[in-house]
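Input: structures, listed below.
Look at the two complexes coming up: chain A is in both, with chain B in one and chain C in the other.
Here is the complex of A and B:
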């Protein structure tokens, strides 16, 4: 069966679930995706009436992590009289994981959130397709079978779906959201842990320090420090992010290579044991930087050091919020 | 700058190392090393912090960015923390800082973590000697 039929089916059942939730007054609002203004784009949308559910869509361009809207810097889903609104969130696997992890970090109450689970088979990497197309304008995009068909004024190109999804989606092990505390309706799964061999990282990790540095600087030198990755990230909810802090100023605000590297370095450190590998940062990057390498490493550190995968359970404490007397300390300097 | 320092600088390169020492153990350990007249390399410049848990990744990365050739962080042994669990929280953080720095291509030897109690002047000196040797072999920091 082709992608199109799959997505249509998912879309139908998703709308049905959302309509039921709204009609039964189980939720006050549903956050979902709607058609974007350009081909290959999508936007987030909040609906509050059951008759609006047909505006919700699902396809392989829905790259936004909707959990971001649950913990904005200024609380928006609050009614002056009723208090916190009950919200349903259209959740692919990573959105569900993000919601669960935000709960573990004490950022939201799962009683107020309904995870409307949908299975996701990967998000199309539109930056890579745009790069392939070059300067020509894309007017229409459709999927058929296992192919992405991109049409413009005088060209038509086909791309293999499996190849042109986000690199981080290729490694995805949690396609539909985990069912935690019965907060999930729709397509969910019981999942305790995931196993991963991180074979995609092996090549990079075998490089010498000098080669790694060169590779990373080459990857990131395009960065303009627009902080779109931070805005799209469901885990970057701090009221005062370190990049905005000016007392003390930890690093420069310029696009010097050193300032860029420090930004991504600190951001990676902050995301260890928290990143849910949704790839939203990569999707929103205006310079088309693929942050897959950093996402995967950050996941790997949490897995190797603490055997932790974020967003799978509401009981397990994230590694950076916890400590133990028996932690490994092989890196500490010791007398010979 | 003393005369000896100028002399060594003209002869061969020696690293500049910033050391964050916890107030209760390692700082006192460094003091003991001094009082006991145990020799250790004069390359470290000490910053006293209340606890090794006070050392945030910013301290380390800012130091490297500002041109320090290496960083040493020292605190109380696990279980001895004045604030009960500060060094245990710090230990988790140190592990991931080290992993991420290594991934970015910054030699892990530039950032050294150690435990030294107030009674271990000798151990402190030995470890500082070792850290200085590692950083000296890596050479001056050229990144950032």
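Here is the complex of A and C:
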């Protein structure tokens, strides 16, 4: 089946579920995606009336992780009198995982959230396509069969869908949300653990320490510190990010290479066992920095050391929130 | 002074005429077009739509040292910048960005009441070589905010891309003096000038977004508390992309890098954005713009209401960067269209 039919099917069943939830007053609002104003874009949207469900869309540019609007709640999801509204969230696998993990971290009440599950078929790496098209304006993008067709003034190029989806999507094992605590309606799955050989990381891991450093430097050097990656990240919900703190100032705030690297590496460390591999950080970066490497690496650390994958269960405590006497601690020096 | 012709294979020769300048030009770094100081004319990218980061980054870099200091006993020795007499040339600046320097200079001088010496001196020592925009993007709307894809007035020298060659026009006295010295430049023919005119006409027709900045300014006056702001902020993720890629955003934060071991330090300014909660946080802990709603409103208000009131010009040049690169596709064009619809 081609992508178009796939998307149509996902869209129709998602609208149906949303309509039913709104009509039955099971939720007060639904947050989903709507048509963007540019090629290869989409926009987040909150609807509160069943007749608006047709504004919701699904395509392979729905790259924002909608859970990011839940913590802290955007104004549209809070009623001045009633407090937190009950919200249905159109959820591809990683959005569902984010919601579940936010629940585990005590950031939201699953009684107030309905995960409207959809079987995600992959998000296109728009930054990569933009880069390959180069200094020509993309005016129209469509999909046909398994191809992405990009058109502009005097050009038309085709890209293979399987090749041009985000790297995290290529590795994704959780396409539709896990069904946890009956918070999920629509397309969900029972999934307790995933297996992954992380073969895509082999090349990076084989590098020497110095080569790794150079690789990361090269990767991050264009960062402008606009913090789009942080703001789009559903797990970066701190009221005051470590990098913004000024009493005392922990880290430099400039765009010196050292300050840039410190920001990204510490942010990655903060995401160990928390990152849900949605790839939103990569999709939103205005400079086209591919943060996939850092995402995959932190995911692997949590998996290898603690056999933990974020957002699959509301019961299992994540490694950074838990402690066990059996925890591997080979870094501790033995006392003689 | 009549127009000249610069063949594209003569760019190296043209570059050599500016040996006493810091030469900044669009280069391609990892797929991003950026204005960088070059030392080899082959690095210049001639075929580009517009740079990702505007050339404001040359005169107002993301990080800039204001002064350095050092303690000697109880005395503080201030070391002021000694590089402000350096000369800059910006090659290949699009008319929207060339115009933006004027808007920025307004902010950095505030009618002569509060002059930022660093920015203004640098600007004075900068020569802008503008380049007409043959193919404006769908996201461009310069013609609605005091610009035009072929507006030359803000450049010292203006180039029009005629394919294999550029039509060169000296605009300012500085520009005229320089072009006069380049006796090797051929004179433009009438056909060249005619072609440039046609390109200008075609480019202007390609700009389809029209906004009524004056009407918007009036509407904004009355609608500080309109529900539209909640709508505008709905999908915003709250990052600083729009501000950092904006050629007219001038806000900065001042930080201190002090080395306690040597007792030396630097006072630095870095780009800041009104979209960050910390930007408007007061010492008391009170934040007058506590949510994205107030912060998104401020950005629009600043460009289309406050700036026009202070300087009689719209504070946006219509380059469309915030439209193209907003992570959440929060499209300024649609926001302005919606504001236009508010009944007054």
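Throughout what follows, the second predicted complex is superposed on the first by the 329 of 336 C-alpha atoms of A that agree within 3 Å, B and C clash if a C-alpha of one lies under 4 Å from a C-alpha of the other, contacts with A are read in each partner's own complex, and residues count from 1 in each chain.
Operating definition for what follows: contacts are C-beta pairs under 8 Å (C-beta built on N, C-alpha and C of every residue); 3 or more make two chains touch, one makes a residue touch a chain.
Not measured: the values here are computed from a predicted model.
Contacts of A:74 after superposition: chain C is touched, whereas chain B is not reached.
Of the two partner chains placed by the overlay, neither chain B nor chain C lies in contact with A:274. Within the superposed three-chain model, A:262 lies in touch with chain B and out of touch with chain C [touch as defined at top]. Judged by the touch definition given at the top, the superposed model places A:209 against chain B, while chain C stays out of reach.
Once the two complexes are laid over each other on the shared chain, residue contacts for A:301 go to chain B alone; chain C is not touched.
Look at A:230: by the touch rule set out above, it reaches chain C but stays clear of chain B.
Residues of chain B touching chain A in their complex: 57-58, 61-62, 65, 78-79, 85, 88-89, 91-108, 112-115, 123, 126-127, 130-131, 143-144. Across the interface of their complex, chain A is touched by residues 29-33, 45, 47-49, 52-53, 62-63, 135, 137-139, 230, 233-235, 237-241, 243-245, 253, 255, 257, 268, 270-271, 273, 276, 278, 291-293, 323-325, 327-331, 333-334 of chain C. For chain A in complex with chain C, the touching residues are 36-38, 41-46, 64, 68, 74-76, 130-131, 134-137, 139, 153, 222, 224-228, 230-232, 240, 244, 249, 252-256, 283-288. Chain contact summary for the complex, chain A toward chain B: residues 205, 207, 209-216, 242, 250-251, 258, 261-262, 265-266, 268-269, 272-273, 297-298, 301, 305-306, 319-320, 322-325, 327-329, 331-336.
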